[in-house]
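One structure is given below, encoded as structure tokens.
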Amino acid sequence: MASNHVVEARGLSRDYIVHEGGLVRRTRRVVPALVDLDLVITAGEAVGYLGANGSGKSTTIKMLSGILVPTRGSVRVLGHDPVPERRHLTRRIGVVFGQRSQLWWDLPLKETYPILAAMHRLPGSVWRPRWDELVAGLELEGFLDTPVRQLSLGQRMRGEVAAALLHSPELVILDEPTIGLDMISKENLRRHLDEERRTRGTTILLTTHDLGDVQRLCDRMVIIDHGKLAFDGTEAQLAELTGARRMMTIDLDTPADGLVLPRGVELIDTEADGLRLNLRFERGVSAAQVLSAVQARAEVRDLSIEEPAIEDLVRHIYRRG
Amino acid sequence: MAELAQDRPVSWLRMMATLLASRWRSQMVYRGSMIAEMATQGFLILTEFLELWVLLTHAPALGGFSLAEVALVYFCANLGFAIADLTGGSLDATEALVREGRLEALLVRPTSLLVQMITQELQLRRIGRVVVGLVGYPLGLALVGIDWTAAKVLLAVLAPLGGALVYFSFLMGAGGFQMIVVGARQAANAITYGGKYAGGVPGGALFTPIRVFFTFVAPALFTAWLPMAWILGIDTPAGTPSWLGWFGVPAGLLALGAATIWWRAGLRHYTGAGG
Amino acid sequence: MRATWELTAGGFRRHSRYRMGILAAMVANIMFGMIRASLLVATIEAAGAPVAGYDRLTAITYVWIGQALLGPIDLWGGSGWEMNNRVKQGDLVTDLLRPVHPLLQWTAQEVGRAASQVLPRFVPMLVVGALLTGLRLPTEPLSYLLFLWALLVAVVLSHTAWLLVGLLALWVVEVRGYLVAMMVVANLFSGLLIPVQWFPTWARGVIDHSPFRHMFQTPIDLLTGLADGRRLVLLAEQLAWALTLLALAALVLRRGGRKLEVQGG
């Protein structure tokens, strides 16, 4: 494994065995949850891991964090084989489960951290300054004394992220951390994770349904569909792959007459008696080409360009699968 | 941040102390109610003895043991069990963790599941049973009237210690078992609580297959009956001589070894089967 | 009437699914049964004569029927804990709003549950007992009919009693202590640990006529022959307790319902 690879998975696969039937007739069915995943994440990257429910996201996360054994293939995280070396690995990674809490339910939030620090064997001189940083960065001061079970979801998630970052891990894995959060909490979380990455070079792997997370935080997307890798690249690459089209809205001084559009450009509709044109154009066509085609026939007053919605791009991927 | 992982100035002992202290604090939040629960647990040891007391109103002895002697066996076993229950009592609750999906959150922490469950799921109220055992057992020894020798004193001290080891092993083994056969927690009860039941009565009163099982398979009878039979000089059925009572601690250690195997197997199964 | 049947059938279906759990429970029952049978037999042998009408085989039969009854009869308060939860989580309100009286709903479901335990748990346990140590069951068919009736009433009685404790949750914050206390008393005086007839004479008066005895010991007595000569009296007393507790529960529910209305659920 190359030294700057944080995650290296080759042919990673996982099957589940499902027992069905009643008292008399029991059948055994093999359900593949993840099939032949090849994934390399280098240090300092922020990768978004997308997929529908049941697509294999959680299974991947479990195999990376050492709580599930792969059926086939290999995986190395920070050089460790996750399941046999789990205890070593957990010292170097942080995991946030969106739906399961790592915090102590009955205790005030602030009491979680000395316990975790003790488990990580961190002396006070090391963890306390770090903790002050996290409290400030994630804005935890207001509810440190509140018992965890009384926290709102947003507050709890911030607490969880702080818990995962306390020991300054090299890799942070987050499983749907923004689910159910309000906009402000989401933004706060994303901002902090981004900062962690920029200041400490922490690698981030984030599974999510929320494409806003991906856009804000990740420079790369991996899309899983029905257990198989469907896409691995940047948003721009995705747009190109799906042949996604952009929208341009052009406002004119006078209606255009005899508009000739180049290939790959489509007039969707007009508004304001022909003074506003809504055009859609493909990847291969540049915005400049569209503009000049319109300018040839009319005076352009103003224009705006809209990138394809990432949701549409992703949906394209699913449909192709 | 690799140097942080190598650098471990906080000792294992200090870590345990911190973990236990935090658990104590969280359990003692409602002080009055905790004390009441401790008292209830202690009281339950007495009410559970009632069963044996009623039996002995109809017969002069049970398995050759008179009422006072039966009480001695009962308290000795219960003292051992109370200590085991206090330390390892939460270990046989792995099934709930698996069912509720909480096991994963524990596994991504750097301390072993065993240490986490012992410290973080500790039930303080079980101290109540330990206290009653610590009072009842020596009292029983005093009241029964024994011709004390140095050896007898030694065995009297060793017996509940061996008992604690044996019962702890049962609880830990049950925990491992529950991770393998999910939904079968009650089957494990046959040994953990069945063992406590059988261990607290004179083995001579048990049907032979049960006596043999709890001597040579799940050594519950080493926890009280055999040592007390040796101290009191009471005859035991063939095949289970009372001098076996001296092997309580070794039997406990063997059982602990077996329990560790079960526990590890349970974890391997959980991570292999996908919970 | 049809609603009642549907509820009962639903209770039956819901509880038939837990194959592994039933098997596991039976393993534990067998172990505890063997230990308990050992102790009773040891007592009888040390006494040199049958104790309170129980000879060796009767005692063993009593133990196995008891272990087998743990399936259908809710002796350890499952209903109580569940009621506590329903109150605390506000589900009680939904129960009260249904067109069928909640007491009838719950009782029907419980009877369904108990019925679902008869074939997979009650009968196999008797078979195991017969194979392990031998049993003595009555030859007269009437005994079995009376037993089934007593079992039905015992199921309802036990369930209602626990329901009452659980309903305390409407007025008390922490019901756990009461549930535990009830479990201790039920364990001792219902005839699970020791036959009720074995209790010393000075205590037997109270214990023998308590509702606990009728939750468990009464059906057993009809199969071990210990009820001979006073079967109808015993069954009448059992029924009286069941009806009394049901009436009490209905009263408590009405009071509690009003309380919920006032508080808003």
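Order as written gives the chain letters A, B and C; numbering starts at 1 within each chain.
In this section, a contact is a pair of C-beta atoms (placed from the backbone, for glycine too) under 8 Å apart; a residue touches a chain by one contact, two chains touch by 3 or more.
Every value quoted in this text rests on a predicted model; they were computed, and no experiment measured them.
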| item | value |
| --- | --- |
| Most central chain, Cα average position | B |
| Remotest chain, subunit B as reference, centres from CA atoms | A |
| Rounded Å distance, subunit A centre to subunit B centre (Cα mean) | 47 |
| CA centroid of subunit B to CA centroid of subunit C, Å | 30 |
| Subunit A and subunit C, separation of their C-alpha mean positions in angstrom | 54 |
| Touching residues on subunit C, where the partner in the complex is subunit B | 18, 20-21, 23-25, 27-28, 30-32, 34-35, 37-44, 46-47, 51-52, 133, 174, 177, 180-181, 184, 188, 193-194, 198-200 |
| Touching residues on subunit B, where the partner in the complex is subunit A | 1-2, 4-5, 8-10, 14-15, 18-19, 22, 25-26, 29, 101-102, 104-105, 107-112, 116, 120, 270-275 |
| Footprint of subunit B on subunit A - complex, ascending | 14, 16-17, 59, 62, 65-69, 83, 86-88, 90-93, 95, 97, 100-102, 104, 106-107, 111, 114-116, 118-123, 126, 167-170, 200 |
| Residues of subunit B that touch subunit C when the two form their complex | 33, 36-37, 40, 44, 47, 50-52, 54-63, 181-191, 193-194, 197-198, 201, 204-207, 209-210 |
